[in-house]
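Next come two complexes built around chain A: one with chain B, the other with chain C.
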Partner chain A sequence: MLDKIFLYMQYPFVRYALIVGVLIALCSSLLGVTLVLKRFSFIGDGLSHVAFGAMAIATVLNLSNNMLIIMPVTIICAVLLLRTGQNTKIKGDAAIAMISVAALAFGYLIMNVFSTSANVSGDVCSTLFGSTSILTLSKVEVYLCIILSVAVVFIFVLFYNRIFAVTFDENFSRAVGTNADGYNLLVAVVIAIIIVLAMNLVGSLLISALVIFPALSAMRIFKSFKSVTVFSAVFSVTCALLGMMISILMGTPVGSTIVAVDVAAFAICALVGAVAK
Partner chain B sequence: MPLIKAVDLSLGYDSHTIVENLYFSVEAGEYLCIVGENGSGKSTLLKTLLGLNSPVGGSIEFFEGLTNKEIGYLPQQTLVQRDFPATVAEIVLSGNQARHRRFFYSQEDRELAGSNMKKMGIYDLKDRCYRELSGGQQQRVLLARALCATGRVLVLDEPVSGLDPKVTMQMYDLILNLNKEGITIIMISHDVNAAIKYADHILHIGDSIFFGTKDEYLKSKEGSIFVSDSLDR
Partner chain C sequence: MKTLKRGLLILSVASLLLTGCGNGSDVSKRTKNSTKSVEDVLNEGMNSSDEAVKVESPSSVNEIVKDDTQDEIVLTAADLYEEDPVEEELPVATPAPGVDVDLTVLSSTMVYSEVYNIVSLPEEYIGKVIKMEGIASTYIDEETGAIYYACIIQDATACCAQGIEYILSEDETLPYPEDGEIVTVIGVFDTYQEGEYTYCTLKDAKLVA
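After this line comes the complex of A and B, so read on.
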């Protein structure tokens, strides 16, 4: 078994996949704790559908770099969705559901009507479940992913104390002069970046899993914000690595294997948490 | 010389007005209780004091170098906090966000948090998880956090709601001690009897508005109706 792994590691695309996978898993778990606690778990899901719609448009337009369209569209939607959380006519959860299904439907429609590819359903399936895209990354995409991941981790560490304060009690933070809206905006932009990156790893339908499972698992066992954050990062990276190894050895799809490992690990954490009580 | 002064204040949301013609002032070291029925605009007044809402009309002025960012705030518990994984120390420390714009907490911040936890009698709990504490302990944690944000004025929104009678008494005593140390207290309360017992000034808002000292309140028509109501129960 080890021989097989070493053999595969000689291929650059496998090494790229592992690097990118670990970085995405790390970034998504960091923000996951905040999103779960703020009751925004579904934002990840909604945004990933938006990213799918944007990708469909980019594919039809035959752009050399999809990111040019996907990234701005997703960021704009993230900002809009977090705004609706406050006081608008359509409530937050309904707005998310609306935007996400609309983007999904239009994305598929556009791909079907305008696509020049011979295998439309194959393309759609690979975007939704990320079946092979992680193994076909170009060098530019890998560098882009590394730069963005480092930026996300840096922002998170720098603003850690403020993110904690605003997540725990937005009104108190606002009352003492912290710019809570600014931090909400920051979280929205960062989560949009993470989701666009994560589409390569697990596809747009499974991204939520990377955001919520690490946070929820950590919250079963740990009791301080710091330990929950650290554990969910470790949890997420471990599960992503394990999932990618299994998928390489067994030939299963990367995205769903990672999520399956996440689910199994969550069950273990829930059990440990229950026993510890 | 007042610390806070409201002149012809009107409160509400958007263009909808709840309370009009509000005049009151608070001097340093006073204990003001805001009483009134549900929906009378007590919480809106508090939010306006803190700068979370802007007044529909009139103004709130601050004197002696006080700004609304320097007011320590004890909010009501939110849904988010009920299953929040955070230790007591992490929460109290976050009160320091009011004092500077730096991203990381200094040794001084940690010492201030420590001394406020000791003052509130929760230092032994500092590594415990917030969601596992009793209601009274949780309120002490939030009070310690508010004390990190200010040494001058504390604004408390229903600090005893959901607490049992014994813990309620302890909470009131704790607040009274802070007032005796020189911290100005502005408290919203349902409990008129406690307001009369502890506060020196009362602001009653509702159909009619009253502002004055406790003794004047007891003789006023707002006070006599409201107080006898709650004594009957």
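After this line comes the complex of A and C, so read on.
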């Protein structure tokens, strides 16, 4: 087993996958706590479907760098959902559901009608479930991922106190002069970036797992925002690493293996939490 | 002030992380994902699997690597990976003697990813003896009459496929396998030019019974 791990680690694409996977898991877990507490657990799913729709457009347009379309479209939708969702006639959860299914449907429709590939189901499958995308990253994609992940961690740590305040009591933070709208916008942009990055790791249908499971697992055991955030990050990174290693060694799909590990770890945390009570 | 200090600390850590990861070499354009073209091939193969003798659309096998080279670029490893391909030996999973890259000992996830890399970075593998197991596919170019044989492998979800063409050596006594058969092929990896495209192939290939 160890021999096999050492052998696989010699492959550059395996090393890249592990680096990128760990960074994505770290980023998603940091913002996951905020999203879960703000009752926006499902936003990851909605935005990932938007990203899928944008990717379909980029694919049809035959763009060499499809991030040029995916990233701005996802960010705009994230801003619309997180920032203005509460002031519109269509409220948060309905807006997420609406955008989610509409983007998914249009994405698949576009790929079918205008596709340049004969294997649409293959393209859709690999985009939705991740498949081995994380193991076929180019060097440019790896660098982009590293830069964006570092930026996300930087922003989160830099504005940790403000994000904490806006997360727990938005009205109070407004009353004391915090620019709550600005920080909500920041969270929206950051979560959109994470979603787009995470599509490579687990595919667009499974992204929510990276956002939700670490936060919920941490909340089974810890109670303070800080400890939940720290444990969530450790949990997410560990599960992502374990999932990727199992996937590489056993030949299982990467995305679903990581999520399966997340689910198992959540069960353990729930058990530990129940016993500790 | 406290926030500023924290920011500076994180910035310095981030700088360290970033500078530690790169060697400053230029990053060239990567060729497009080759899965589509091979998927095309596989799809066409599946659609006509009932036929006794398979006749494919003109350039189907050529398309195995066409998408990799449609930007008219054949990349070197240095363009894409930070490691120097001359200095770094390719990982060798070789229980079989005389084989440089043994794909048969890798997990299905690894095989798919490695074949993806082989067709994406063909120059890194030229001259290497590759052993692979996959689904046999045959294609006939109706314009030229040329017959192409390929060994196709699928990813873990079986929705994406990659493949490499092979040409059996003259010494090979076994006939080319039927479409859909599981075959194990050992051959010397090479690329060749046809028109404006560069194609990958395993030459002097032998079938492992």
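The definition used in the following text is that the second predicted complex is superposed on the first by the 275 of 277 C-alpha atoms of A that agree within 3 Å, B and C clash if a C-alpha of one lies under 4 Å from a C-alpha of the other, contacts with A are read in each partner's own complex, and residues count from 1 in each chain.
By definition in this document, a contact is a pair of C-beta atoms (placed from the backbone, for glycine too) under 8 Å apart; a residue touches a chain by one contact, two chains touch by 3 or more.
What you are looking at is a predicted structure, and each value in this text was computed from that prediction instead of being measured.
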item	value
Which superposed partner A:158 touches (first chain B, second chain C, both, neither)	both
First, second, both or neither for A:176, with chain B first and chain C second	first
Touched partner set for A:13, first chain B, second chain C, both or neither	second
Partner chain in contact with A:251 - chain B first, chain C second, else both or neither	second
Partner chain in contact with A:222 - chain B first, chain C second, else both or neither	first
Touched partner set for A:168, first chain B, second chain C, both or neither	first
Larger contact residue set on chain A - chain B or chain C	C
Partner chain in contact with A:37 - chain B first, chain C second, else both or neither	first
Common interface residues of chain A - those touching chain B in one complex and chain C in the other	158-159, 161
For the chain A and chain C complex, residues of the former touching the latter	7-8, 10-14, 19, 64, 116-119, 121-123, 125-126, 129, 131-132, 135-136, 138-140, 143, 146-147, 150-151, 153-154, 157-159, 161, 247-254
Complex contacts: residues of chain A adjacent to chain B	37-39, 158-162, 164-165, 167-169, 171-178, 218-219, 222-226, 228
Chain A-touching residues of chain C, taken from the complex the two chains share	3, 6-7, 10-11, 14, 17-18, 21-22, 27, 29-30, 32-33, 35-36, 39-40, 42-44, 71, 80-83, 91, 93, 106-114, 116-117, 120, 155-157, 159-161
Complex contact set, residues of chain B against chain A	50-52, 68-69, 71-73, 75, 78-81, 83-87, 90-91, 93-95, 97-98, 103-105, 127-129, 132, 145-146, 149
